[in-house]
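Okay, so subunit A shows up in both of these, paired with subunit B first and subunit C after.
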Partner chain A sequence: MVDITISGLSKSFGRVNVFDGLDLEVKDRTYVCLLGPSGCGKSTLMRIISGLDSADRGEIRFDGKNVDNLTCAQRDVGMAFQNYALYPHLTVEGNLRFPLQAPMQKGRWTQQEMRARIGEIADLLQITPLLHRTINQLSGGQQQRVSLGRSLIRHPKVLLLDEPVTHLDARLRYAMRSELKRIHNVMETTTIHVTHDQQEALAMADLLVIMREGRIDQAAPAMEVYGDPATSFVASFLGDPPRSLLEVELGETSGAPVARINGVELKLSGKLGAVANAAPGRNAILALPARAFTAAQADEPGAVLDGTVRAHEMIEGAQRIVLDVSGQKVNLHSSAIRHVVIGDRLRVFAEASDGMLFEGATGLRLSAN
Partner chain B sequence: MSQSRAARRAAFILISPAVLLLLALNVFPIGFAVFISLRHWSLSIVNPPRFAGLFNYQELTLDDRFINSLSVSATFVLIAILAELVLGFALAFVFNSKLKGLDTLRKLSLLPVMAMPLVVGLVWFYMLNENFGVINWFVTLFGAERLPFLTDSTLAMLSIALADIWQWTPFVTLVIFAALQSLPEYVFEAGRMDGLTEREIFWRITLPLLRPAIVVVLIIRAIDAVRMIDLVFMMTKGGPGGATEVLPWYLYTTGFQSFDLGYAGSMAVVMIIIVTLGAQVFVRQIANPEKGR
Partner chain C sequence: MTSVDFDAGAEATPRSSKVVLGFSDYARYLIAVVFVGFSLFPFYIVLSTSLKSESDIFAWPPVWLFDVTWDNYFSALFVFGGTGVLPFLINSLIITALSTLLAVGLGSMVAYGLTRFRVVGGSHIFFFILSTRFAPPVAFVVPIFLMIREAGLLDTHLALILIYTSMNLSLVVWIIRGFFEAIPIEIEEAAQIDGYSRLQIFRKVALPLVKPGLITTSILSAILSWNEFLIATVMTQNTAATLPVYLAGFSGSMGLEWGPFMAVGAMAVLPIMIFTLVLQRHLVRGLTFGAVR
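Let's turn to the complex of A and B:
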């Protein structure tokens, strides 16, 4: 129930700069997913929002009020830790009751109200039968629910989830996704969910924030990030299999725009051609989805890329191949299965119409205007 | 069938060395102590030992010196353990803070534990000597009167406790420090998240989590303190006037200076019972820690 504004946030641990001048705006009741590879600073950002860590520079405001000097409890945030962080010496009920008995809450709750609140949360998370167990009698999934319950029990204004479903098995992880969204809606909190699982993030986020090396590459609704990536990193990070990034040189052949890869020309038609014509430099990055590539027969003419098979696997009846094209990684995905061995030479056709172009030096998206 | 019998034989053979050692070193001596305690068995008279029933035990209940030794032992154990726990705890927390140089200090702090108790007793005996001890030299530096550390009944008890505390506090520190180091950082973060102050975190998280370590160190130290004889032997010989005559010392003098083995045996049996029962209470505390509130 709060807008979060982050501006100019900087943090370093010793000589390691985690991030420098980070800005982010989160509207009330948004479900935000922070997505990025390990070490991109997403957990650190969340710990700073929670108040467990403090930033070196910059500020965080909740509903316009600066919260830099407030403790976690004063900020009214609830956090579910990646490793659950339950109190091992208490029962499930004791863990849920704990936040209600903190000094700040003194006198706010009668015994009866506490019981009611615990019952309500236990119902919501379906852990009522577990209330009198000790923590070490619970499975990972149950511990995760208790941890979530403890973060929710005070009805915090902001809910922070640090890889909340990472340790669950695939089925439970899938079930918890809709569960989390449901809880988010019932509780009417502003939720920030840190994850490195792109499927999870794409499925859950109202606002998807892609982080890399301490920078926010893009913050937008999930489908917009997926369909309209702002940088080459975002383009290559999302998608399954991810899009391939090819370093190309833009040029023209008899008036038509082309992209040259290792001396081979790839025609850029339609919108992509217009983008290429408007590009400021000649070096660019072409991002292509896996289905843009098809493998060629041995000496079929017209194939543009010539690479070495680095990996291959079968997934749900389709074949995926990772190809090394003079140092550039190309992902293929096709339902036409062919026999390959690691180290094989493979020639592929490329179809550029679904591609996107990014500036070579900065990785920023190129557009026609 | 035959296979399971062979397996059982192998099991017996494998555990037999341990069982034999246990029988020879633990069970037999205890049994023999009970056997002695039921007899009139003195080395200073020519009559052979003869059966006495519970006579020796009956004597114990009437023996003021025995009752006194029990209360002296209890006093010593209480003073020493309490001080060691409080000091050891405080030191463990100091060592746990990330100050520079503490690492070396921590290693050095273990030295007293490695010293031989007899030597510790001897050194403290000289240091606390009323006339030429170094501690009284300090006392006179401040213009005070020399203190009769080992000849005043209250001071003598405190002196022995002091030597014991000096030697064993580092052990308590070590155990608590190790336990502190193994506490997961995230639990404290959860505590801060839940709005606890540092003091509340200590009372409601740290202390309950340290409980097993505290109970263990308490058992070890209590059993050790009940058995303590070295310091008394070196520093006071039970004096003045029985003020430091702990149970083991009375037992020792009865058995090996008055040569009344039967009577000493009954004391030994009583002591074993006290220590065992006391330890049971603590062990049960570890086995069934109270359920969460």
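Let's turn to the complex of A and C:
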């Protein structure tokens, strides 16, 4: 129930710069997902927002009010930890009651109100039958609910979730996704959810923040990030299988824009052509979705890329192949299954119309103007 | 609602209730029996002698079956030395209880501080704390005696309480440290988020989680304080003398009164045994198990 403004945030551990001058704006009641590979600084960012860690420079504002010098409790944040971090010496009810009994909350709630609140949260999370169990009598999914309940019981202004469903099995993880959204809709708490699972992030986020090496590559609604990535990293990070990045040189052949890769030319048509025309002769990165590639028969003419099979697997009736095309990784996804072994030579067609172009040096998206 | 439940019964496989013992099992039991017998035999002598009459005590060959008499306990408690064993028993109880309480209380705070806060030279401090136990106590007796005398604490409870506390502190710190290190830091961070201060976290989260450690160190500290003789005999004569000092006093110029001596010995074992048995029941292992995945 609060707007969060982060500006110029910097943090380093010793000589390692975690991030340098980070900015982020989160509107009230937004469900934010921080997505990025391990070590990108997403957990550190969340710990700084919570107040468990402090930044070296920059500031964090809740509703325009600087919270840098406030403790976690004064900031009124709730946090669910990756390993749940429940109090093992208390029952489920004891765990839920613990935040309400904090000395700084003394006198804020009567015993009756506490009971009412515990009942309400237990109902919401469907853990009422578990209230009198001890923590080690719970399954992982149940512990996760209790941990979530504990973070919500004070109705905090900001809810921080650090990889809350990572340890659950796939089926439960899927179920918890919609649960989390349902709870968010009821509680209307501004929520920041850290994850490295792109499906989870894409499915849940109102605002998807992609982090890499301490920088925010893109912060936008999930579908926008997916469909319109701002950098080549974002383009290659999302998608299952992820988009392939090819280093190309933009040019022109008899008036038509092309991308040259290993001496082969890919025609760039439509919008992509306009983008290429705006930056002729440039080194660029062409991001292509897996469906843009089709494997060619043995010596079928016209096939453009020549690669070696590095890995292959079957997923839900379709075949995925990872090709090494002179040092560049190409992901192939096809429902036409063919027999391959690692090390095989494979030629593929590439269809560039669904591609995106990024600047070679910076990885930033190229546009027509 | 989704939940994962294990069917505990499904995995149980039928097992024959007959356990077949092999030769090596017998050998192992034999070794165990011999060892236990060897350890407990002195205690048997103490107990049986304390229940024998004087003629039975000195009978040769030893009498295995004898008429039980409580005379030795009576004289130990009420007759022997005029005052009997009671004041010394009380001294021992006071000194053991307070020094154990202090050692475990202070020691757990030290261990917590050193594991949870960044302290300059933290690991060196741990080593330094243990190093106070490297030298044999007899090497310290004279300097400590001088300190205690200058402080005017000779023959006081306080003197022994302070000395025993400092002796047991290192033990407590070392053992409890491992227990604190095993607590996932996130549990305490969760309490921090919930609005608890460091001291409150220590009391309400950390201490309950290291309960097995607290119990273990309490038992060890109590046994060490209860049985300590060397320092007690140097620092105290009368008012604050503990049971071991009193026991040693039996071998006076008048010859040894074996019966009452053994009766006091048997009584000296009892309190610490009860203490250990009671506390041991609360030693729940693996309390933190399942809290964190």
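Definition applied: the second predicted complex is superposed on the first by the 367 of 369 C-alpha atoms of A that agree within 3 Å, B and C clash if a C-alpha of one lies under 4 Å from a C-alpha of the other, contacts with A are read in each partner's own complex, and residues count from 1 in each chain.
Basically, contacts are C-beta pairs under 8 Å (C-beta built on N, C-alpha and C of every residue); 3 or more make two chains touch, one makes a residue touch a chain.
These numbers were taken from a predicted model, which means no experiment stands behind them.
Aligning the two structures on subunit A places subunit B and subunit C in a clash.
Comparing subunit C and subunit B on the residues of subunit A they touch gives the larger count to C. When the shared chain is aligned, no partner comes close enough to touch A:Gln111: not subunit B, not subunit C.
In the superposition on chain A, contact is made by A:Asn83 with both subunit B and subunit C. In the superposed model, A:Asn69 lies in contact with neither subunit B nor subunit C. Residue contacts after overlaying the shared chain place A:Gln297 against neither subunit B nor subunit C.
Once the two complexes are overlaid on the shared chain, A:Gln126 sits against subunit C while remaining clear of subunit B. After overlaying the two complexes on the shared chain, residue contacts for A:Thr91 are found with subunit B alone; subunit C is out of touch. Contact with subunit C, but none with subunit B, is seen for A:Gly141 once the two complexes are overlaid on the shared chain. Legend: residue contacts after superposition of the two complexes on their common chain; A:Leu52 is shown touching both subunit B and subunit C.
In the superposition on chain A, A:Pro103 makes contact with both subunit B and subunit C.
Shared contact residues on subunit A (touching subunit B in one structure, subunit C in the other): 50, 52, 71-73, 77-79, 81, 83, 85-89, 98-99, 102-105, 150-151.
Contact residues of subunit B toward subunit A in the complex are 184, 186-187, 189-190, 192-197, 200, 204-205, 208-209, 211, 289, 291-293.
Subunit C makes touch with subunit A in their complex at residues 1-6, 184, 186-187, 189-197, 200, 205, 208-209, 211, 287-293.
Per the touch definition, subunit A reaches subunit B in the complex via residues 50, 52, 71-74, 77-79, 81, 83, 85-91, 93-95, 98-99, 102-105, 134, 150-151. Across the interface of their complex, subunit C is touched by residues 50-52, 71-73, 77-79, 81-89, 98-99, 102-105, 126, 135-143, 150-151, 154, 167, 169, 171-172, 175-176 of subunit A.
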